[in-house]
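Shared between the two complexes below is chain A, which has chain B as its partner in the first and chain C in the second.
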Partner chain A sequence: MNPQAIGKPLTRIDGRAKVTGAARYAAEFNQPNQAYAVIVSSTIGLGRITGIDPAAEHLPGVLAIISHLNAPRLPYNPHKGGIDPSYGERLHVLQDDQVRFYGQPVALVVADTLVRAERAAAALRITYDAQHPIVGPRDKQAKPIAPEADGRLEADNVRGDPEAALASAAVAVDITSDIARQNHHPMEPHATIAAWDGDRLTLWSKSQFVANEQEEIAAVFGMAPENVQVICPFVGGAFGTSLRTWPHVTLAALAARQVGRPVKLALTRRQMSFTTGHRPRTLQRMALGATRDGRLTSIIHEGTGETSRYEQFIESLTSGTDFMYSCPNVRTRYRLVPLDTGTPTYMRGPGEASGMYALETALDELAYKLGIDPIELRRRNEPRIDESTNRPFSSRSLMACYDIGAERFGWAKRTPEPQSMRDGRLLIGMGTATATYPAMQFPASARARLLADGTAEIESAASDMGPGTYTSMTQVAADTLGIPVGRVRFSLGNSDFPPAPPHGGSQTMAAVGSAIRAACLAVQDLLVERAAANPRSPAHNMGKEALEWVDGHLRRKGGAASGQSYAEIVGAAGGVPVEATVSVARDPEIDNKYSMHAFGAVFVEVSVDPDVGIARVRRALGAYGAGRIVNPRLARSQCLGGMIGGIGMALMEHTSLDARDGRPVNAHMAEYLLPVNLDIPDLDVLFVDEVDPHVNPLGVKGLGEVSLVGMAPAIANAVFHATGRRIHELPIRIEHLLGV
Partner chain B sequence: MAKHHVTTTVNGDPVEYLCESEQTLLDCLRDELDLVGAKEGCSSGDCGACSVLLDGRLVCSCLVLGVEAEGRSVETIEGMAQGDELHPLQRKFLEHAALQCGICTPGILVAAKALLAKNPDPTETQVRYWLAGNLCRCTGYDKIVRAVMDAAAEMRGA
Partner chain C sequence: MIPFSLQKASSVGDAIAAARAGARYIAGGTTLVDLMREEVEQPDRLVDINALPLKRLQADGDDLVIGALVTMSACAAHPDVKRLQPVISEALLEGASPQLRNLATMGGNLLQRTRCPYFRMLDAGCNKRTPDSGCSAMDGYNGNHAVLGTSSHCLATHASDVAVALVALDATMQVLGPNGERTFPVEDLFRLPGTTPHLEHTLQPGELITAIRVPGGRYAPRARYLKVRDRSSYEFAVVSAAALLDLENGVIREARIACGGVGTKPWRMRACEQALAGRPADRSSFELAARLSLAGAQARSGNKFKMELMPATIVRALELARDVP
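Up next, the complex of A and B:
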């Protein structure tokens, strides 16, 4: 492959459609004769429905009011989609009178217009027998459990004797942290338009995983998957909330079947706070022991995350701790607290974002106790291999990230003592932290089709929630085929295409990119066969090994002729398009041989106003070692977005539940605080030139998650440097900083 | 209940639609006129994704009723490019990678256009304040501010 497009900062291929308003998202595929459905959400946090007053049925335009009283019993055949929790069972919607959490869908109003559906939903009277829900992990009645082992994550890991090592350590820190529940709150609310044609169902539905949505809805309704098609060409941000198929998709399909018309169902912003997953609140303890010269002798990490009563949502909260630094004695323990709330789900940087907060703030605390620069402390504990598995890293550029980041950021100008830097009356602090996220690759498939005009069509049921899948995949296909990007058309977001894994976990580039590359190579092989079978072709009767592809032309290996173009080969065979569909999975041997992760070093400067306690990020820099960067312009953008997500996590984002009934008290954009233009300063992104020959054929590691991880601890460390106050709670709020 | 007949101007073209009393201008644009560029992000005027110009004034179309457009002039993202030729703001957004998922983008572009119509030479702080009502969850605001500043400079011929 001769890279012409890969590595180039192309502008996004889907950009024109997005800046002109032409791009169509799920809610924008209005169908003829479409009706509208509105979910009625429970107003109690636990209990049962005792009655539903049918009077609203007679309001103008109402086509149906569907509840457990009249909903058909749906088959809900077993289905686990990889992104579903291994233990427990999804919410079966409108199938019984039980209310398991505040906001659970308890009825669905369908009307001929949205206004009329909303009016009837507001008028619907539901009575309940309410019980007191337990919604906080610190509630005395909340009981932690050990998650069922599911093969993906061990709840307990130990090496050496960390307790003894901690007790005898020359220097030790032992801190706790409490990180708030967060909601993804992408700017596009969830929406589904469902239309039945006999036994066939079409869903235009916001999804990061159309292949799973197809299979899940087929299982829920007891249908053959080929009778369900899910279409989603654009995703308006998601960050994990559209990985799973939530109850509203089932409800849209159910409503459309009940009323015999296409139905549109969009969630309100408020409903986005309780039925579509959240980053679980976590409680953590991190204890570190070290020698006087800063060698770690003990790490103990105990973390607990929320889950629901009906599913065990697990995330890699303690996974980074096992391998991040060199230490002979390490124990990690992961527990869950089942609560009367909806099930959490993956949110950008799941697990690591919270777990690395505990590790990196504790390490900062240790650096102060030792009087060692925080970067130097990490350098002294840089491991040669992954000590949790005794495997080498496929590549690890952490210290290179610190080196280039520190230089660009001006870390040397930092004076180490807390409260030692000021700008007028503002306290200034600089903090740093490590970021990491595993470089995964789930099985993926793709189709490449060469047409008689020499252009290529590439298809995969992948998604693009914004990072630039359309663009980067086109770059991969163009370079593999040796043609300009303008001759490649890449389509995604359709379950009729070859299946792709969830668009999450920072592995779309690795998984779908590898599949597209393989599909392009496979179609080239088919074209070689075509050419070899053609008596008029210069390649007639020649084998693959005697030929080569150069710039989109097939020629004798090492030959001087320009060779035959795709158009010539396809055209000579009657112009019938030639296509290949290929599935690619990572060689399991690679997983057994290497520990594969992206790494980064994050630097932050904050100011804290000592009079009003407001902490602001003044500038930040992320330096990442994430393998090959396919498109530097879009990669930088993706990292900036992740860093801003980290600013939100550190200083703003918090879904606050009313302990009395589990109601989110800030279920709207006015009070679920997100960074806005005024909060975001000059941010910088650097990439280490990292070559990883092992991780996948493209050498890519993914950026979406690692760019969020590390930001929150870097901010908390900077706040400590500015104020001398170690805040153990996220988000860091004014009340934490008053009186500094 | 009878629907209201509304006669208005959208992106310079005379249009008519029928709407219910409570139907928002946003829903009229999206569902009655199939102009889906304005997005619904919150329905409470907090996110700015539904920004349009009403008689030249920047509004959240989720907070305006469809009937209020009667006899007035509405400008949406669909009217921003001239045929195939993108508005300088649209071009600069592409160059600066000032968009990702694209949901907040139309609202930000419309808001930025309104700013530059009032103030062709805004300071960075003015741009940040003006766009403080437009939430973006994926892109990172700094590139958006740079793109607006860059477009403003180009439009001034600077």
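Up next, the complex of A and C:
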């Protein structure tokens, strides 16, 4: 492959469609004769529905009011996609009178207009027998449990004797953290339009994983998956909330079937905090023991995450700790607290974002105790191999990240003492932290089709929630085929396309990119066969070994002639397009051989107003080692987004629950604070030139998550440097910093 | 949203007649339409007042006369406002977002409703929204609530920023109603919740705000508005303070202070003001005076930190005002 497009900072090929409004999102695929559904959400946090007054049925325009009283029993056949919790059973919506959490859908109103559906939903009188829910992991009645064996994650890991090593450590720190529940709150709310044609169902539905949505809805309704089609060409941000298929998709399909019309169902912003997952609140303890010269002798990481009563949502909260640093005695323990709440889900940097917070703030604390520079401390504990598995890293550029990052950031100007740096009255702090995220790659498939005009059509049921999948995949296809990007049309977001894995876990580039590359190579092989079979072709009767592809032309290996173009080969065979569909999985041997992760070093400068406790990020820099960078412009943008998410996590984002009934009290964009432009003044992104020959043939690791991980601890460490105060809660707010 | 009828008033008389017959005024709609969408406000008739001649902003000697329909953006950018009372610009620009400020009017701003979250949740008890339904904030979430002027019925803040500056500036309201014209201090527009938190202001039925008059004074140059919040922009005040100082040789002749985010209405800090008169404009005077803001303050579980933040904000605002070049 002769990289022409890969590595170039191409602008988004779908950018124009997005800014002109031509890009259509789920709720914009309006269908003829479409009706509207509105979810009625439970107003209690736990209990039973005792009655639903049917009077609202007679309001103008109402087509149906569906509740557990009249909803058909849905088959809910067993189905678990890779993103569903492996233990427990999904919420069966409108199937019984039980209310498991505040905001659970308890009825659905369908009417001919949205306003009429809303009116009837507001008029619907529902009575309950309410009980007191337990919604906080610190509630005395909340009981931690060990998660059921999951196969993907071990709840307990131990090497050496960490307790004894901690007890005898020359220097030790032992700190706790409480990280708030967060909701994803992407700009685009969840929405589904459902239309039945006989027993075929089409869903235009916001999804990061159309292949799973197809299978899940087929399972819920007891249908053959091929009778369900899910279409989602654009996603207006998601951060993980559209990985699973949540109850509203079922409700839209159910409503459409009940009223015999296409039905649109969009969640309100408030409902975005009820049934579409959240980053679980976590409680953690991190104890570190070290020698005087800063070598870690013990790490104990105990992490607890919240989950629902009906499913065990697990995330890799303690996984980073297992391998991050060299240490002979390590114990990690992961527990869950089942609560009367909806099931949490993956949110950008799931597990690592919270877990690395605990590790990296504790390490910072240790650096102060030892009087060693935080970067130097990490350098002294840099492992040669992954000590949790005894496998070498496929590549690990952490120290290179620290080196180039520290240089560009000006880390040397930092004076180590807390409260030692000022700008006028403001306290200035600089903090740093390590970021990591596994380089995953699930099986993916793609189709490549060469047309008589020499252009290529590429299809995969992938998704683009913002990172630029459309663009980067086009680059991969163009370079693999040796043609300009303008001759490639890449389509995604349709379950009729070859299946792709969830658009999450930072693996789209690796998984879908590898599949597209393989599909393009496969179609080239088919074209070779065509050419070889054609008596008039210069390649007639020649084998693949004797030929080569150069700039989109097939020629004799090392030959001087320009060779035959795609158009010529396809045209010579009557113009019938040639296509190949290929599925690619990572060689399991690679997983057994290497520990594969992206790494990064994050630097932050904050100011803290000592009078009124305001902490603001003044500048931040992330340096990442994430394999090959396919498109530096998109990669930078992806990292900026992750870093901004980290600012939100550190200083703003939290969903507050009313302990009495579990209702989110800030389920509103004016009160659920996310960073605005003024909060992100100066962000910088650097990439280490990292060549990883093992992860996948493209050599890519993914950036989406690693860029959020590390930001929150770097900010907290900077706040400590500025103020000398270690805040054990996220987000860090004014109320925590008064009187510093 | 509940269906409603909309009428456009072409004269002040028309508007008042419509309001008298039960219609609600709508100006920028940024409060009203928002709450109608959530069905917290349920008017069945609206009268659009945007065509009325209340968009003028002019200097009258050293006074400012701000028409009720002047937008927040226009007011903030007006040269006379910047020259005579820059603290008004400052308070306005710290509020809402540019998009909102382009629509929102000065009259509407003063009558915006609280940001107590339960006020917007129809399934929660809220005396302000539904009299006698209880106050969910009292023993629930009360982190952004008031510590001054509260009652056992309600502890919601009034969330306007510019109202805080106007109260500190002794601005007055000009209103026109079925019974003619009235003028009264902006401070008197707002009621304390008492046992009737649903009654928020003192306008009579049908009364229309026509203008706000800001008296000129010797404070103008030394006046600052400080808004303390967790995000840099587009967030209501956690605590805010408008501080005005009249200095002579470093000694305070007179001070005026009002706070936002702490009271059930924009809160004038008269005890602090009195304590400052005749004192040197230094930090220890400010700290001593600021402590007096706590008299009568009562916190709940979530807003305890305001007992510390309120005086700290006052001190900082006073320093900022003193240091105006």
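Convention: the second predicted complex is superposed on the first by the 740 of 740 C-alpha atoms of A that agree within 3 Å, B and C clash if a C-alpha of one lies under 4 Å from a C-alpha of the other, contacts with A are read in each partner's own complex, and residues count from 1 in each chain.
Throughout what follows, a contact is a pair of C-beta atoms (placed from the backbone, for glycine too) under 8 Å apart; a residue touches a chain by one contact, two chains touch by 3 or more.
None of the values given here were measured: they were computed from a predicted structure.
Once the two complexes are overlaid on the shared chain, A:A224 sits clear of chain B and of chain C alike. Once the two complexes are laid over each other on the shared chain, residue contacts for A:M652 go to chain C alone; chain B is not touched. With both structures placed on the common chain, the touch criterion links A:H668 to chain B and to chain C. When the two structures are aligned on the shared chain, A:V115 is found in touch with chain B and with chain C. Using the contact criterion defined above for the overlaid structures, shared-chain residue A:N677 touches chain B and also reaches chain C.
Of the two partner chains, chain C is the only one touched by A:T43; chain B is not. Look at A:A412: by the touch rule set out above, it reaches neither chain B nor chain C. By the touch criterion defined above, A:I614 reaches chain C but does not reach chain B. The partner that reaches more residues of chain A, of the two candidates chain B and chain C, is B. Overlaid on A, the two complexes show chain B and chain C touching the same residues of chain A, namely 115, 118-119, 668, 670, 675-679. Residues of chain B that touch chain A in their complex: 1, 20-23, 27, 30-31, 34-44, 46-47, 49, 76-78, 80-81, 86, 90, 93-95, 97, 99-106, 109, 127-129, 131-145.
Of all residues in chain A, those touching chain C in their complex are 43, 115, 118-119, 122, 609, 611-614, 616, 651-652, 656, 658-660, 663, 665-666, 668, 670-671, 673, 675-679, 731, 733-735, 738-739. Those residues of chain C lying in contact with chain A across their complex are 1-3, 39, 115, 117-118, 120-124, 136, 139-141, 143, 226, 228-236, 238-239, 305, 308-309, 312-313, 315-316. Partner chain B is touched in their complex by these residues of chain A: 11-12, 14-25, 27-28, 30, 60, 113-116, 118-119, 185-189, 234-239, 266, 268-269, 465-468, 633-634, 636-638, 640-641, 643-645, 668-670, 674-683.
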